[in-house]
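To keep things clear, I will list the structure first and then write my remarks on it.
Naming follows writing order (A, B, C, D, E and F), and every chain is counted from residue 1.
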Amino acid sequence: MKIKVIMPIVSDIFNEEIKEEVKYYASENTEVAVCNLDYGPASIESEYDEALSIPDFLEKAKEAEEAGYQGVISDCLADPGVKAAREILDIPVVGPGETAMYYACSLGSSFSIVTVLPNVISMLENLSKTAGVDGKLASIRSVNIPVLEVHDKVRLKKALYDEMIKAIEQDHAHTIVLGCTGFMGVAFELQERLKENGYDVPVIDPMFAATKMLESLITMKVKQSRLTYMTPPSKQRVKSRD
Amino acid sequence: MKIKVIMPIVSDIFNEEIKEEVKYYASENTEVAVCNLDYGPASIESEYDEALSIPDFLEKAKEAEEAGYQGVISDCLADPGVKAAREILDIPVVGPGETAMYYACSLGSSFSIVTVLPNVISMLENLSKTAGVDGKLASIRSVNIPVLEVHDKVRLKKALYDEMIKAIEQDHAHTIVLGCTGFMGVAFELQERLKENGYDVPVIDPMFAATKMLESLITMKVKQSRLTYMTPPSKQRVKSRD
Amino acid sequence: MKIKVIMPIVSDIFNEEIKEEVKYYASENTEVAVCNLDYGPASIESEYDEALSIPDFLEKAKEAEEAGYQGVISDCLADPGVKAAREILDIPVVGPGETAMYYACSLGSSFSIVTVLPNVISMLENLSKTAGVDGKLASIRSVNIPVLEVHDKVRLKKALYDEMIKAIEQDHAHTIVLGCTGFMGVAFELQERLKENGYDVPVIDPMFAATKMLESLITMKVKQSRLTYMTPPSKQRVKSRD
Amino acid sequence: MKIKVIMPIVSDIFNEEIKEEVKYYASENTEVAVCNLDYGPASIESEYDEALSIPDFLEKAKEAEEAGYQGVISDCLADPGVKAAREILDIPVVGPGETAMYYACSLGSSFSIVTVLPNVISMLENLSKTAGVDGKLASIRSVNIPVLEVHDKVRLKKALYDEMIKAIEQDHAHTIVLGCTGFMGVAFELQERLKENGYDVPVIDPMFAATKMLESLITMKVKQSRLTYMTPPSKQRVKSRD
Amino acid sequence: MKIKVIMPIVSDIFNEEIKEEVKYYASENTEVAVCNLDYGPASIESEYDEALSIPDFLEKAKEAEEAGYQGVISDCLADPGVKAAREILDIPVVGPGETAMYYACSLGSSFSIVTVLPNVISMLENLSKTAGVDGKLASIRSVNIPVLEVHDKVRLKKALYDEMIKAIEQDHAHTIVLGCTGFMGVAFELQERLKENGYDVPVIDPMFAATKMLESLITMKVKQSRLTYMTPPSKQRVKSRD
Amino acid sequence: MKIKVIMPIVSDIFNEEIKEEVKYYASENTEVAVCNLDYGPASIESEYDEALSIPDFLEKAKEAEEAGYQGVISDCLADPGVKAAREILDIPVVGPGETAMYYACSLGSSFSIVTVLPNVISMLENLSKTAGVDGKLASIRSVNIPVLEVHDKVRLKKALYDEMIKAIEQDHAHTIVLGCTGFMGVAFELQERLKENGYDVPVIDPMFAATKMLESLITMKVKQSRLTYMTPPSKQRVKSRD
């Protein structure tokens, strides 16, 4: 099985770490490729960033399908470009945000998301509404750390843990979703730490969930419904200013 | 008052008609300007088209603010780019889709949208969910006429009328929203025709509603909340391939 | 354009201030008339008051239509008599409560109402449910000042500001609706003060919103749907004891 | 136990039948009194009628409490005056509409209401929303017979049966609520007839349900919450023109 | 009228108290019988306990119908076995949990449940969802006292009162449901104590509500809908290991 | 990885087919064991059957954990015993009903379930409510074939196809869930046949989805939240009559 992870940002500095991470999540036989964008934002922390990331994400997604990949993941919790890519591809397209929410719902009666900045809260809240699981959303909290600073794992884990505790104690969250796909390699440790402190709750790593979901869909030979995601009609589409 | 209507498509053939139309809707003192995109799709009939339209829409919206316009309308029922533009502008940004839904809700206990193609139904349904009025949405129906063929007004009005009757009789709609901003100059005639046939229901022209809403917001000196639409952090954003 | 504002209370002491206020909100060409009731309560602070206000409100609304007014506003946030008046009139009838909620929804992902007394909270909550926007209602708070004491603007603004801050910080409101139409002439100042303190959120003056909405409806030539608000059948109706 | 049934209409022609009916529903020891209004509508078939009925209903309700009655029922499916009366009385006030909906919910996964005229459908739909059970409402249908013609029981039962069958077969109703308190003495017969035709579903007589609910509340020594229905503040209230 | 209360637990120590209590709730002519299980849990404090209680509850319910009882109550707030018993019996089956929630909804705009242990919160929350009234559920709180220790009424009442105050002040509950049918004989006293302290809110005793509801249903000659609770098809059912 | 599939029925005739099927779904390294119950129903087609199946299912689930299995599936679309087993086990427990619904939601904007008999419709509807995805449930349809007759695959596939077409055309389903885990080996063929007839929609095989979900959870080292599914307190539990 060949899957493509598209980083919807212009930087390539995360590519290697992501590739290692997703290969670790994936089944032995799954071939994982990672790419980033040629144009778009350096990170996604707003509707604005998301909008700028989608056109080239769609190019990259189309190229992945043409190159024989069997599924695509958009590597950002806001699921940028997922809906549009589902229209133009005939292979499954998976978003880590929506997927992590479904995993969280299946494991407890409510969930909270702990994300990077307050800027993305409304965007993620809307995602929970179109995914249809806003009734189980306890809260969305942020650690107030920009995407490009999440590599400081000590600071990150401290901040995530503190917000998770608040999500559990104040917002009645029973399950936690990591709210940025850049929060790599911390889910299990945080889950263990919560457990040691009396809260035996699952912490969902969204890229882990997305990888397993995509593998499942490919194995099950299912993809997005063409009644929801119809093939766009042919027409003129000018893709850049020049 | 100076307002800017941005057609989120590359063609300029509608600009004059739109300008006349919006000037007719607007107050006497309102100055209306219309522009189209340099790059993007020829029309919006999918999530894919919407995604391609947003980057240049955002440029045009920013330019409008810098040129002293006091408010912006995205001229498409899917409200492309409205959320992102609200983040980067300090003047009100209005989408005709969301606005028409609120007008419809205020006039009856349920509403239906009659749009161009089945392709956009899920997109508009999601818009009703993020607008928070999906509980009043009776149905979304389509006339199966592409955007670029809506100029045949005789065919269009016949098809719209037929679907409106079905929306009322089968789906229990009490109010009708025209589901494409290209359906210009037909709302009142269709409303009259429905009334003659026993259905005294409002037919909302979405650009009429958006124009009045934008004028209201400017007069009231209010705009989108910065708690929902935070200013995006500064960062590198590569805006085209070249 | 001629519009009629009906104060659903027996006192006439507010009439002049309201008239000045609404004329300021309205377009230059809009002719504004204000009247109060002959019988009913001195103010509306309960379901009981609302019930007592409606019969004469309906008389006044009918007289307004007969006198050639093109639209009517019920000047109270609980929208007393709006639904019944919509049945018996053929001109648009607008309630400031419902209208302000739709304006608030269009500007942010959640809203709070700050009203006079706790007595009206359930009534306004029910209004949000029949308007279909309860999913976006963050909270309803009160300043604990009776309607007939809101003229002390210094005390009022202090109390409103304090509750708005709580609505934003504790209840996650992104938009504020002034919860009494007697809170005249304070919206903009409070909005500015919130902004200076870091919360750039819109504060909706409900009579301002209602005035603009009514003007819009008249201009758009739409009114309430007759499928929701059917004309009442003819029958004996004894209108007073004597 | 002494309970008072208030007919929120000016005619007294139903009083005797209602009294017999409610005495049949009530426990042996319950003393039942029935009265009608001095002013108000001849029947309730619109928001307009409801509004006109409430002021004198509230007088009658207050008199009932003062005369030592222990509970009050507003005898109309729209529950006219129930919310306001709950504020001004210290004894339980019950509406047959809301009560019948709760009984219906407790007996099946969905319910339909079959009422008199299409005019009251939106009013009843709103009642289901404020009662919080709109999620279980399958449909509201009407027999198109005015209240003052429901005495023709043969025609009525035929029409009710036909709409009940449609509610079950087309709208997936599992429980039926009779949608007018004037539909007296027909629930059980219709329930039997549905059963003979393969649909063993409960048919709720709303006044029967309201009577039993009121007796329960009095026995349980509970009444409406003062946090929802606060005592109205003292003030001038002019109760009639003269 | 003959009704059967089934304690879904193996102990018989509560039988006498329950019988006295229910006879006190019931009408004079109602004959009340109480029985417990032969196998099952000692108390119900988890989904696990509930599952173990249902098979013998269903035996006892069937026996009650065969012995001529006209209705059955499952004496536990989680309503164990109610749905299954409704399928196999032709007499009404009532659960105190669901019934108490409907009573609470009818008396105020929101309700909280105060129960024994945090273990049952999700179970009761799910019950509110299938009952369709989760929109009015303010919170579920627990006193952290196991079922088998609720006989210490002094400790119990102190703990219940404290949580009720929190439900009212922090969670905005307007009505209180006692969250365990073992909380016998305390509802009225707690209601009085809340009233003395400024909160005139109803406290619903769930077995009182269930008893009155069952009597109502029997009197009204209605029972659960066979469209929701269909008769199970015949088949092999092995009821115990041996 | 070792997973245990528990058939919550007394017959062992399906065990071999299920084992082959699940091994086909599972990853190469996954060891699959299947067992049936010693006591319980022959099939699950009612709440009654479900209740009878759970006690021995829980025994078998506990034994599986003690025997070193890393996860358990309850092989029935009603997810019998899943919630209770999640309380008493420390390994993930997965239900095919809930899981298939989440998969369906992730692939389209609405889904329908096509099941065996009308008897189970309310039970599955309730499952969608506790899973939190009832907002996306278009309909539940049945083929009217008992579980023990689903082996006639020709008849089954014809009936399923016909109901799927109705779900799509009449109920607006965009995704289909097979509504019985006994519908083995037909999903892909039906999906292909729908596609040939113009409906390119995913058909979810619930045991396929449950198997992949369970493998994912084990790989991700997450399980059900202990805040939703608390460990039951110790107490006497009499597990059979003798």
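Some notes on this structure:
As a convention for this text, a contact is a pair of C-beta atoms (placed from the backbone, for glycine too) under 8 Å apart; a residue touches a chain by one contact, two chains touch by 3 or more.
In UniProt terms, the chains line up like this: A, B, C, D, E, F = Aspartate/glutamate racemase family protein.
These numbers were taken from a predicted model, which means no experiment stands behind them.
Of the pairs listed in D-E, E-F or C-D, the one whose interface repeats that of A-F, with over half of its contact pairs matching by residue number, is D-E. Relative orientation of chain A with respect to chain F corresponds to a rotation of 180°, obtained by superposing CA atoms and rounded to a multiple of 5. Homomeric contact chain E/chain F: same residue numbering on both sides for over half of the interface positions. When you average the Cα atoms of each chain and compare centres, the chain farthest from chain E turns out to be B.
The most distant chain from chain C is F, comparing centres defined as mean Cα coordinates. Note: centroid distance chain A to chain E, computed from Cα atoms, is 43 Å. Each chain gets a centre from the mean of its Cα atoms; for chain A and chain B, those two points are 30 Å apart.
Among the residues of chain A, those touching two or more other chains are numbered 109, 122, 126, 174, 228-229.
Listed in rising order, the residues of chain A touching chain B in the complex are 10, 37-43, 45-52, 54-56, 58, 81, 83-84, 86-88, 117-119, 122-123, 126, 129-130, 146, 148, 228-230, 232-233, 235-242.
Within the complex, the chain E residues that touch chain D are 25, 27, 94, 98-99, 102-103, 105-110, 131-133, 135-136, 168, 174-175, 188, 191, 199-205, 208-209, 212-213, 215-217, 219-229.
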